[in-house]
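After this come two complexes, each holding chain A, first together with chain B and then together with chain C.
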Partner chain A sequence: MASVFEYAPAPESRSVVDIAPSYGLFIDGEFVEAAEGKVFKTVSPSTEEVLSEIAQAGEADVDRAVAAARRAFEKWSALPGSERAKYLFRIARIIQERSRELAVLETLDNGKPIKETRDTDLPLVAAHFFYYAGWADKLEHAGFGASPKPLGVAGQVIPWNFPLLMLAWKIAPALATGNTVVLKPAETTPLSALFFADICRQAGLPKGVVNILPGYGDTGAALVAHPDVNKVAFTGSTGVGKEIARTVAGTRKKLTLELGGKGANIVFDDAPIDQAVEGIVTGIFFNQGQVCCAGSRLLVQESIQDELLDSLKRRLSTLRLGDPLDKNTDIGAINSAEQLARITSLVEKGTAEGAEPWSPECELPSSGYWFAPTLFTNVTQAHTIARDEIFGPVLSVLTFRTPDEAVAKANNTQYGLSAGIWTEKGSRILAVANKLRAGVVWSNTFNKFDPTSPFGGYKESGFGREGGRHGLEAYLDV
Partner chain B sequence: MPTTASAVHPLTDVTASDSTLRRFLHGLPGVDAVGLEARAASLGTRSIKTTAKAYAIDLAISMVDLTTLEGADTPGKVRALGAKAVRPDPTDRTAPATAAVCVYPDMVAVAKEAVAGSGVKIASVATAFPAGRAALDVKLADVRDAVSAGADEVDMVIDRGAFLSGRYLKVYEEIVAVREVCGTAARLKVIFETGELSTYDNIRRASWLGMLAGADFIKTSTGKVAVNATPPNTLLMLEAVRDFRAQTGVQVGVKPAGGIRTTKDAVKFLVLVNETVGEDWLDNHWFRFGASSLLNDLLMQRQKLATGRYSGPDYVTVD
Partner chain C sequence: MSEKNEKTEPRLSVFKTYKLYVGGKFPRSESGRVYEVTDAKGKWLANAPQSSRKDARDAVVAARKAVGGWSGATAYNRGQVLYRVAEMLEGRRAQFVQEVADAEGLSKARAAEQVEAAVDRWVWYAGWTDKIAQVVGGGNPVAGPYFNLSSPEPTGVVAVLAPQESSFLGLVSVLAPVIATGNTAIVVASERSPLPALSLGEVLATSDVPGGVVNVLSGRTAEIAPTLASHQDVNAIDLAGADEILAKELEIAAADNLKRVLRPQPVDNWTATPGTDRLTAFLETKTVWHPTGSLGASGSAY
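And then the complex of A and B:
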């Protein structure tokens, strides 16, 4: 939107990050070629520029990596907790020292704004390593028995929406509890995991404790199915999660799944309106809505619907979409052409089913994958866009008349990851939060994360918890 | 563009009695402090460079109410300030004049003469500034003095004691009375002393109270207490003027005052204006900075942008 006060571009420098033309797999402390010699390209979603060529792990590579992790496990798990903590603290400090480099890298590979990688992702990544480093020598006090034991080799598969943060959520508790790790990053965002491999070397982490295997779904499937993996952790789509659950069923592997969501953001008529509008924006437009716990369903009390929607539309008109490396960008690129196509088709479906789309005036860059922030009004529970996870910057607006109706509608979904409550009345926050079937309920805020706070889902949003003391349980034999 | 008008709008009847006024003010949406502060902080991270910075600096200079409010003020001091307001940078005539010079009522005539013919306005803090602890007659006499000496703008303080004890109608009536004395001769800025009101809910209520009573501007503070203008309280007041215009069609200005000393700070406030109420408020008829030392930093940054070098405090005037 043209204004008398135009901000000149303020791009973060790319020169702080040095991306090699190609990367291997990280197995047993070394970067190696894939056994079958396959490679794939990773592109920058905002420009479609090829960033690097990445080795693609196959079954033989999974074997090698799991074997390396198994060998490393003997020594790693036998270390005193205080020794493991030293490595984790060292990794956390290196992440802080290299945070600008990693933030730029993540923005290039993922397409999210530098503002988010710099101010949200990287501080949280470091915080998770610091937090779990602190637990490493106190496991006997965590409430899981007098001397809880690690499980062994953890096979971890992470998504592309928060590549480095999801890595931290997985690797930090696994290492703190004495497990070793084979991790598969997503095929569209492998770079920060490979840079993390370098950080492990810089920290002097013993060989084989962390192994990184970039690849597609088949790589992940081979890892999950590998007989010598003791623990599987997955964050991603519900569809893939169900596949994994079938694979793991009947084995002795422990499993945690953190899957899709369709979070309800409930705004009561006595809410702090201006802050609720900010919370709605954060809830659905943070990381272009590519967040499993996004507040993608706005449930607004009918009596304030018009006022709230006017405020929300006015606010959306001030969002700045464009070059994710610009420090003033609020909305970056969609992660891949495939994801853009999925968002587009669901939005078309929403329109065809009679919901009314609205977007602010917004110029989309000519190359790259972009989708304008969109909200749908006239949405009911019967609409596809109120049920299916869109995983994009698309908000469905529904209304309710009473708290009971709000709770009923919020819970009427196959998911149960997150929810938000906006009201100035404290007793209502407590009453409603107790009735919501969601792993996280935020009140008068949204999308706030902290390593001390457990995160995970109900129903088809998965099971198990990551973060906090609860996050240790998934990696301990309890 | 909606213009300031006297208090005739759809909300007139809420001021019928103390209880209707209280009910209205307490029915305004609450303010979540954490969320408000987070929003203000996030807007503070906007990166303003090159052309945008040059624009912001000139805009900020043109919005400064260059202020001296000391017991030791003399005609000489006020004349020097007036000269500076008219021509802030003697080495660069392209620097805009400030919006106004702000002085005590007894200095209005001197200031008026010092800026004659320049378009720079004279603002005067009246109503027993800064404490406001005087009888209404005394306050009105103070305002009358200022206006008859030629003040274009009157900055009044509200009775915080009455506000905090819930006597909203008393506060309202005082503002209306001062508004009447100002008449068409002077625009009225109502100062809440937000640091003393303490809560954000109080600041929102005070904002609406001031606007209902016919304020042309709402102003954060006197600059005489510990907490003055902050990004969150200014953001909150911007939201209030925006909502007030949406309900009544009447546009009201905003003036953060006190504690804004650097260009960096000023630019952050302009970003708040830009992204909360937009260009309708981005000129000095609708937004002001109450400041005494901000101008020199703006001028130094302006010189740096123009020359590529930072010259230091002796390259701007000390007045």
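And then the complex of A and C:
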């Protein structure tokens, strides 16, 4: 994109990862065929190259996996916490050892830049296992009573935007607390979960403690509805979250939901512009904006709108879009054709409703799923693009005059997952943070994650928290 | 002689007209309906308002209006207000003992135990208002130059279906934790024994509890609850007073705006000291991050 400085390509080698032409389901410590023999293909979003053929789990497979997890539960939950901890520490270590391989794999299967898988996803994945490993033998100190008990079999359904990280968020606390799991990765990104199965094997994890069932929404639905599942954890869209909440109604299943968001990134007139611009870019263009807590609504104080937008546009012009395996790439591919179509249609709607789109000059690769970073000005709260989650590299810019107006606009959404505040003034940060209805508030930073810190939403962004001491509650009988 | 006659005639007592407690006022049901409330032996005690769906919606409006002030009050202040409720309850002990005895068919002594436990429960929760954040919140040691804090915050408007059997202790046990943490509440009283709940409204009205923080409805639980469970401006629902079939139906309705749902918990003994579960059930956790980079030449850092 940049015309002055052309970068030489700096591709990360894909030889570090060996993808088999086909994978089975991982049930009871073994890779097995799906009972109905169904398979599906997973492709690399940046090239549309078929990476592998994956067994597709059906209801009979869900039965088998839940039964395996149930059998494993008795022994696993009875292990001393210190022994469970050691398994989790082993897993954390193996993830670190294999992190380059896993980063390349994740980039191939998901389309996100290697820079992000290498520097964000994988370190956080290992850190989550380390963090929860340490809890396994300290649960009596976690504040949930003297001897908190695991729930049993956890059915977990995760999305495609952070495949391995979401797996870590789900599996690490579940195992630390003594539950066994059946996890369904997303149909477009099943590979890292299947590689994780191999890590479980290397770590010597007892059979049946972790089971992986690739498949589509119907597989997830069968898992969530299975009568022998005690705990359901889901990360994904608000629409599906509501369906799941209806499915578990009237049962004793414990439920946590991490759903959509429409995060407001609020920039006050005294904010340091350069840092704020970086935060805005991180907020919405990290992982191509395919982040539930993305700062997809920029609320900028009217008096600095022009200055900020000039800076922002200048900065966007330096973003490099292209081969995700290139270490210089900032913006990778959209995860799937389906997601690309959704982004495209919402952006068209934004234009049709009168908002003004802007993108830097940007050449899109000829194959794969791509969307240029886009920002919309002239957006009002009534516009679809200011209300609906786009889940793509699209930023809607709105303005405000007073802090109260900023708060009112920030909260004017069904969601309540994240928000950002940019100001020099400490009291303003605290006052605004207090009034925002969001589970995570980043002040003078954005999109920071850490295993010690609870993450989760208010309102229709779901309930329950993942991460930190709070994240244990979801897997304990409290 | 006539004077003497008057003295032997028993004094005609003054009945009480029980009314709802909504937005700090005591309205009748907008539907104009009442239903007969009897004691455990079937003797008529009073007519209670039979709330309509409209009453429920009005109560939600009142509860929403009160959220800002109540959740924005200091925890210390909320504790003071809750303690004041306990003081008022203590002063009207005899009335509640009578009402509970009638409602639940208990002896005066057993009813007194229930009322005393309820007052003590209220005091217990009054003490929690400024402690819960310390117990369930905290600073997180993140691996990087950032500072972050997790703090609990009220989830907002909470609909509470009071337990059907324990008309007063059960009611207090589910209501006090909801408001202690800064939520506002719409309580649907025990259907068969609503009178102690309606009288509690009178106590709340004289206890510095701002109008709208607690709203008390009486009537048919199965008629009122679906409106609350499906109401888009209700943030959470406690299903304590719903039977299994109703609870499932309400939980499904609650999914529409992803209300926080507290499913009915079997409670054998309401006098047992509760844990913090009912406090935390209606709290959100907010985590606020800030960089802690070293200061640059300008004296500023992000």
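Simple rule for what comes next: the second predicted complex is superposed on the first by the 475 of 478 C-alpha atoms of A that agree within 3 Å, B and C clash if a C-alpha of one lies under 4 Å from a C-alpha of the other, contacts with A are read in each partner's own complex, and residues count from 1 in each chain.
As a working rule, a contact is a pair of C-beta atoms (placed from the backbone, for glycine too) under 8 Å apart; a residue touches a chain by one contact, two chains touch by 3 or more.
Predicted, not measured: the structure shown is a model, and the values here were computed from it.
Once the two complexes are overlaid on the shared chain, A:Gly456 sits against chain C while remaining clear of chain B.
In the superposition on chain A, contact is made by A:Gly145 with chain C only, not with chain B.
Look at A:Glu6: by the touch rule set out above, it reaches chain B but stays clear of chain C. Once chain A of one complex is fitted onto chain A of the other, the partner contacts of A:Val153 are absent, as it touches neither chain B nor chain C. In the superposition on chain A, A:Ala406 contacts neither chain B nor chain C. In the superposition on chain A, A:Leu257 contacts chain C only, with no contact to chain B. Looking at the shared chain after the overlay, A:Arg246 reaches chain C, while chain B stays out of its contact range.
Once the two structures are superposed, chain B and chain C can be ranked by residues of chain A touched, with C on top. In the superposed pair of complexes, A:Ala197 makes contact with neither chain B nor chain C.
Judged by the touch definition given at the top, the superposed model places A:Trp442 against chain C, while chain B stays out of reach. Annotation: chain A residues 272, 275, 424, 444-445 touch chain B in one complex and chain C in the other.
Residues 29-32, 34-36, 38-39, 45-53, 55-56, 59, 236, 239, 246, 270, 274-275, 278-279, 282 of chain B are the ones touching chain A in the complex. Chain contact summary for the complex, chain C toward chain A: residues 135-136, 138, 140-144, 146, 148, 150, 155, 235, 244, 247-248, 251-252, 254-258, 260, 263, 275, 277, 284-291, 300, 302.
Residues of chain A touching chain C in their complex: 127, 143, 145, 238, 241-243, 245-246, 249-250, 252, 257, 259, 272, 275, 414, 424, 429, 433, 436, 438-445, 448, 450, 452-456, 458-460, 462-463, 465, 468-470, 478.
Contact residues on chain A toward chain B in their complex (touch as defined above): 3-8, 10, 115, 119, 270-275, 278-279, 310, 318, 327-328, 424, 444-445.
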